[in-house]
Every structure is written in C-alpha cells, then in structure tokens.
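Here come two complexes built around chain A, the first alongside chain B, the second alongside chain C.
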Partner chain A sequence: MDTILECKSLTKKFKENTALNDVNLSIGKGRIVGLLGPNGSGKTTFIKIAAGLLTPTSGDIAIGGNFVGIETKKIVSYLPDHNFLTPWMTVEGMIKYFEDFYEDFSRERAEKMLENLSINRKSKIKTLSKGTQEKVALILVMSRRAQLYLLDEPIAGVDPATRDYILRTILSNYDGDATIIISTHLISDVEQVLSDVIFINNSQVVLCDTVDNIRDTYGKSVDEYFREVFRC
Partner chain B sequence: MLRKLYKHEFASLYRILLPLYGVLLGLSVLTRFVSFLPKGESGVLDFWKGLVLSLSIMLIVSIFVVGSVVIVVRFYQNMLSKQGYLTNTLPFKTYNHIICKLICGVVVEITNVIVAAGSLLIMLGTKKGLTQIWNVIKGSYIAFRESTSTATSIVSIIEIAIIGVLSLISGILMFYACMAIGQQFKNKILGSVIAYFCIYAVIQVISTAFITTVTVLGVGIPEAWVENATITTVSQGFIIFLMFVQAIQAVVYYLITNYFLSKKLNLE
Partner chain C sequence: MSWKFDSVNPIFKQIVDELIIRIIKGDYKKGEKLASVRDLAVEAGVNPNTMQRALAEIELTGLVETKRGDGRYITEDSDIISKFKSEYTNKNAVQFLEKMKEFGFTKEEIIEYLEKIDI
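Take a look at the complex of A and B:
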C-alpha cells in the first residue's frame, strides 16, 4: 500500500493535558478515512499537526514522504472547524487568493460548484449566511487537486440537505489517488462514504480498520460499533 | 509566489488607508481654497476657515493613528485569529509572513509621512513659506556642518535616518512580539497588553541599569577615549549606540515572534 501519511509515536501535550499520546498510524493513498471519536479525544489536534498549525511534543509525522512543512502544505488541503474566510473580501477575491497561493487550485472546479449552489461570486463574504460561508470554504478547499484533504468537522452545524450536498461535493471532487481524512462525530451521515475508520479516544488510537472489516467482524455498522465502544 | 504575499498584504493595509489619504488631500485642497477667500465681517467665514483647517490637522494626526492600528489589527486578525487557519497553512515559512507584514507596515508608515507632508504643503505652501522652510533647513545644516566636518554631518544625517527606520522596525516588531506572547493566554488581547507592559518594564530596567553603569561608573569606556572626547565623537558614539540598541531590540522581538508563531501557535 502506498502511504500518504505516516506518524510514529506522535505525542502532543498542552501544559497538563495530553491531547495525543504515542499515536502510530499509516494511511494509504486513495482512501476516505473517518477520524472518529468523542469531543476532546484529540481529533482536531491530530489534524492541526498534520496541517502544520501545531508542532508535536515528540514523535514524527510525514506526509507524502516529507515532514510537515512547506512541501506538505503544498499537497494538503485543509478545512478547519472555524470559518477562515476574510470577511471584507468577495467570493471572487477568495478564489483569486487560493489561485495565487496554491498551484493545484482549479478555478473551473470552484466556479462550477458556486454556480450549482447559486452563490454570487461578487458577494462579500460578510454578507453571506453562516451556512453559505461554510459552503464557500468547502468549495475552496475541494477545488484544489490536493493529495491529502483534511476536513475537520465539515458537516457539523449544517442542515441535513446541506450535509448531503457537502458529502456529494467531497466525493465528486477528489481525484481517485487522493486521500480524505474526515473528522466527525456524526458517523451515520458519513459512514456510507468511508473506506477506513480510525477510532480515537483519550488521546490514543483505539482502532484503525476498514469499514468492511468492522462490519464483517462485529456484525454491526460503524455507527453501532462506535456507540458500543464509546458508551458512557 | 512571495510577491503575491506582499500584493495581498498591501491590498489589505491600503484598503482602509487609501480612502483616508484621498479625504485628507481633498480637505487640504479645500483648506487652501478657503484661505484665498476674503475676510468676512460677520466672522462666519473665518469660523468655516478655522473648522476646515482643524479638520485637516486632525485628519493628519488620524492617518498616523489609523495606520498604526491597521498594522497591528491586520497582524492579529491574519495570523492569530480565525483567518490564521488559512494564513498559517499557506506554503510559506513563518518568517516569510513576519517579514512581509513588517516591510509592508514600514512602507505604510513612510507613506503616512509623505502624505502628511504633502497635505501640509498643499494647505500652507506659499512661495514665501517654502523659501522660509528651506532657509531654516539650510541654516541648520550649515550650523551643524560648522561644528563638524561636511563628511561627518552627512554621515550623521544618514545615521539619524537609519535610527528612524530602525526604531520604526523595532516598534512594529515589539507589537508583533506582544501579540505572539499574548495568544498563549485565554484572553489573547489582555495577554498581549500584559506582554506589552512586561516587555516595556524589562527594557526600562535594562536601559536604566546600562546607562547608570556607563555614565555614573564609567564602566566599559576606555580612558584614552574620554580624554580625547569632543562633541563630535560623543554625538557619533551616541548615535551608533542608539542604532545598536534599536537593532538588538528588533532582532530580539523578531526571534520571540518567530518562536511563538512557529512553535507555540494557539489559534483556538
């Protein structure tokens, strides 16, 4: 299996709290991976480290054979769980911004998605509703022909119809050999699109397997199995 | 690609300042225009003349205030708030962002000086007035040159200009360093303010201790230099010392900012 992301003994500590503890992972190319776990389990910390926003306390993480840095940022497309858009800019301005800094950005893709959603490119970001801003952010991130997409809670806080659109957008806008890591706790919504899942709890990876294996081994859906593992 | 980083930075900073420059220059022209109007008997015209002039002066002051605020707010929003999620994942090193923001900030401050000078010239610049200003500058230079040599006075002027730019750089970097430290706290703005006062206090303590040691105790000054000291050598020594202090401060603030943003970024 060709690997896109590999981490060894990855640990991240914040003062007294350990957000990630000795995480070892290997994620292959062309997979859609669900990073699943309860709130505060370390999902966002893992994604932030992979995106280059946090530095690990110890251990290594490599993406596409390089340690996190400029080279990995060129091939990673990251959707944070916060609205990163510049309020005073227009949608067109944000497209130009992405076009200027990411060589793999496809304007054609972005324009097509904006048209499908009837989002006016001349609109200022601050005049758009929260939901529309989230859609614009997703469109920008998915318009890159990246090798690894890191999507942190892409469907949290949106209505079910938008959720479907987002999942369709994700599926129809990535190249076959690219990998997508989706962090979420809304498992039933994403289960249909996942090829692998990683369960993360109390800062540690407790399971890393394919969706098919989980269904075959435990005779349950990922959602049902998750509920069993993380029962309070 | 680095050029595009500068393009977006300038666009963001001048987005607010360019309209302000336009208003200031327009108001300066208006001030000049009303100054040609005859003196009114009722005093109403004089009131309006005074008002337009006061507004122009207030606007000159405000472009410096707004300019500094825009530089600080831009850094905070673009690097440390939600926009930081995008900025810090662009394919650049952290120092690329810091240096880009610093250079653009310095250019903005220099533009402010040029626009303010231009505005004053439009408002008050008569042939007679300009000749007087020129004579004052020329007179000062001649007096300065007579106390030293021509070469020394030219070097001193260049050195003073360098000190001005260096203090601008260290001033901007000090704000960056305060924000970089402040983002470690839960309340980032309060954290930045506390960091500012702490850094300010440290600088005061160090400079007081240093000046006391050198001037009162005379530590570090060779006796031969003291014996042969003239006004020129003392002033030259002081200028070089100031340059050195500003440069050291700028380097320290830069290192603090770069460390916290690359190793301790906290965007929550």
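Take a look at the complex of A and C:
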C-alpha cells in the first residue's frame, strides 16, 4: 500500500496537558478515513499538526514523503473546524483568493458545486447563513486537486439533505489516489463512505481498522461500536 | 434506484446481495454493461474501494464478467442467473416456513391459508 501520511511517536503537549501521546499511524493513498473520538481526544490537534499549523513537541510526521512544511502544504487541503471565510468578501472574491493561493485550485469544480447548491457567487459571505457559509468553505477546500484533504467537522452545521449532497460531492470529486481524513461525531452519516476508521481517545490511537473489518469482527456498525467503546 | 444499508453487515457484502437481487429481478438485464466503479459508488453513496471490492466479489459468482479494458457486464448465461434465482427463492421460502412453524402452523395449514390470499 502506498502511504500518504506517516507519523512516528507523534506527541504534542500544551504545558501540562498532553493532546497527543506517542501516536503512530500510516495512512494509505486513495482512502477515506474517519478520525473519530470523544470531545477533547486530540482529533483537531492531529489535523492541525498535519496541516502545519502546530508543531509537534516530539516525534515525526511526513506527508507524501516530506516532513510537514511548504512542500506538504501544496498537496494538503485543509478545512478548519471554525469559519475561515472573510466576512466582507463575496463568494466570487473567495474563489479568486483561493485561485491565487493554490496552483491546484479548479474554478470549474467550485462553480459547478456552487451551482448545484444554488449559492449565488455575488453574495457577500456575511449575508449567508451559517450553514451556507459552511458549504462555501467546504466547496473551496474540495475544489483543490490535493493529495490529502483534512476535513475537521465538515458536515456538523448543515441539514441532512445537504449532508448527503456533500458526501456525494466528496465521493465524486476526489481523485482515486487522493486521501481524505474526516473528523466527525456524525459517524452514522459518514460511515458508508469511509474505508477506514481511526478511534482516538485520551490522546492516543486506540483502534485503526477498515470499516468492513469492524462490522465483520463485532457484527455491528462503527457507530454502535463507537458508542460501546466510549460509553460514558 | 436507491440503496439502503443495514448497520450490521459489512457494506460490501450488502452491495453484493443487492446486485444479485437486481440481476435476478431483471433490473439489470442480461449482457448489460454496468456503470463504472466510481459512478456506482456515487449512486450508492459508498466508498469507491468498497464498491470495487463488492464488484470483485460478485465476479466470483459468475453473474458479472469483466471484459478487458471495457468494464463489467452482466452475464449472458441464463443458467447461472436461474441457479441464483432458485437459491434465492428457496432461501426465502424456507425462512418463511420456519417463521410460520414457530407460530405453530403446519405446512398444510400454511398452504391452505396461502391459497386464500389474493396478490
């Protein structure tokens, strides 16, 4: 299996708090991976390190054979868990911004998705509802022809019908070789598009397996299994 | 056609079962070309790897064949389709009878009862 992301003994500490503790992972190309875990388990920290926004306290992380840095940012498309759009800009303005910034941005893809979701390109970001802003953010991120997509809570704020559309968009728009890492709590919604899942708890990876294997081994869905493992 | 999945069985197995049913029912015709892995994956809303695995699996049954460089086709062989059809019918009939026996009916009573039903 060709690897896109590999980390060895990855650890991140914020003063006395350990956000990630000795994480070892290898994620293959062409996979759609669910990063699942309770609140505060370290999901966002992991994604931020992979996106190059945080530096690890110790350990290594490489994407496409390079340590995280300028080279990896070219091939990684990152959707933060908070709103990153500029409120006074129009949707079209944001598209231009992304076009300028990223060589791999496809305007064609972006326009097609905006049209399918009936989002007007002339609208100002701040006039759009929270859900629509989330859609625009996801469209911008998915319009890059990246090798690794890091989506932090991509569907949390949108209605179920749009959720379905977005998942289909993710399926039909990513190149077969690209890998997508999705962190989410909405496991049952994303479960059938995932090939693998990573369970993370108390800063450590507790399970890393394919969805089919989990269903085969435990005779239950990943969602049910998650509830069992993380019962409060 | 919409796809529905239960939350217990591996999804690729459910896809295989659904494909078999669609072929038996004639939703997919003999000799018909199947859509690409990606299009089928998007239609079913599943991971392309999962669809790929399901298609590889169903090829083992002989119901679907790959033509090199030209995608996958439903078999032209009526015998294989009939074989799966009778297996499927048998499986469902047995399940039904077992369930009715749990309620205390004899086979004769069930047959008598079935004859009265109009569908």
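Throughout what follows, the second predicted complex is superposed on the first by the 232 of 232 C-alpha atoms of A that agree within 3 Å, B and C clash if a C-alpha of one lies under 4 Å from a C-alpha of the other, contacts with A are read in each partner's own complex, and residues count from 1 in each chain.
In this section, a contact is a pair of C-beta atoms (placed from the backbone, for glycine too) under 8 Å apart; a residue touches a chain by one contact, two chains touch by 3 or more.
Since the structure is predicted, the reported quantities are computational estimates derived from the model, not experimental observations.
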Exercise. Could you tell me whether chain B and chain C fit or clash when both sit on chain A in the superposition?
Key: fit
Quiz item: If you stack the two complexes on chain A, which partner ends up touching A:F84: first (chain B), second (chain C), both, or neither?
Solution: first
Quiz item: With the two structures laid over each other on chain A, which partner does A:S221 touch: chain B (first), chain C (second), both, or neither?
Solution: second
Quiz item: Is A:L54 in contact with chain B, with chain C, with both, or with neither (first, second, both, neither)?
Solution: first
Quiz item: Is A:K73 contacted by the first partner chain B, the second partner chain C, both or neither?
Solution: first
Quiz item: Does chain B (first) or chain C (second) touch A:S195, or do both, or does neither?
Solution: second
Quiz item: Taking C-alpha centres, what angle do chain B and chain C open up at chain A, rounded to the nearest 10 degrees?
Solution: 160
Quiz item: Between chain B (first) and chain C (second), which does A:S172 come into contact with in this model arrangement: first, second, both, or neither?
Solution: second
Self-check item: Partner chain in contact with A:V206 - chain B first, chain C second, else both or neither
Solution: neither
Quiz item: In Å, how small is the closest CA gap from chain B to chain C once the two complexes are overlaid?
Solution: 28
Exercise. Flag every residue of chain A that touches chain C in the complex, lowest number first.
Key: 30-32, 164, 167-168, 171-172, 176, 188, 191-195, 211-212, 215-216, 219-221, 223-224
Quiz item: Which of the residues in chain B end up touching chain A in this complex?
Solution: 1, 4-5, 7-8, 15, 82-86, 88-93, 262-263, 265, 267
Exercise. State the interface residues of chain C toward chain A in the complex, per the touch definition above.
Key: 5, 7-12, 38, 41-42, 44-50, 53
Practice problem: Under the touch definition given earlier, write down the residues of chain A that touch chain B in their complex. | Solution: 51-55, 70-71, 73-74, 76, 78, 80, 82-86, 88, 97, 100-102
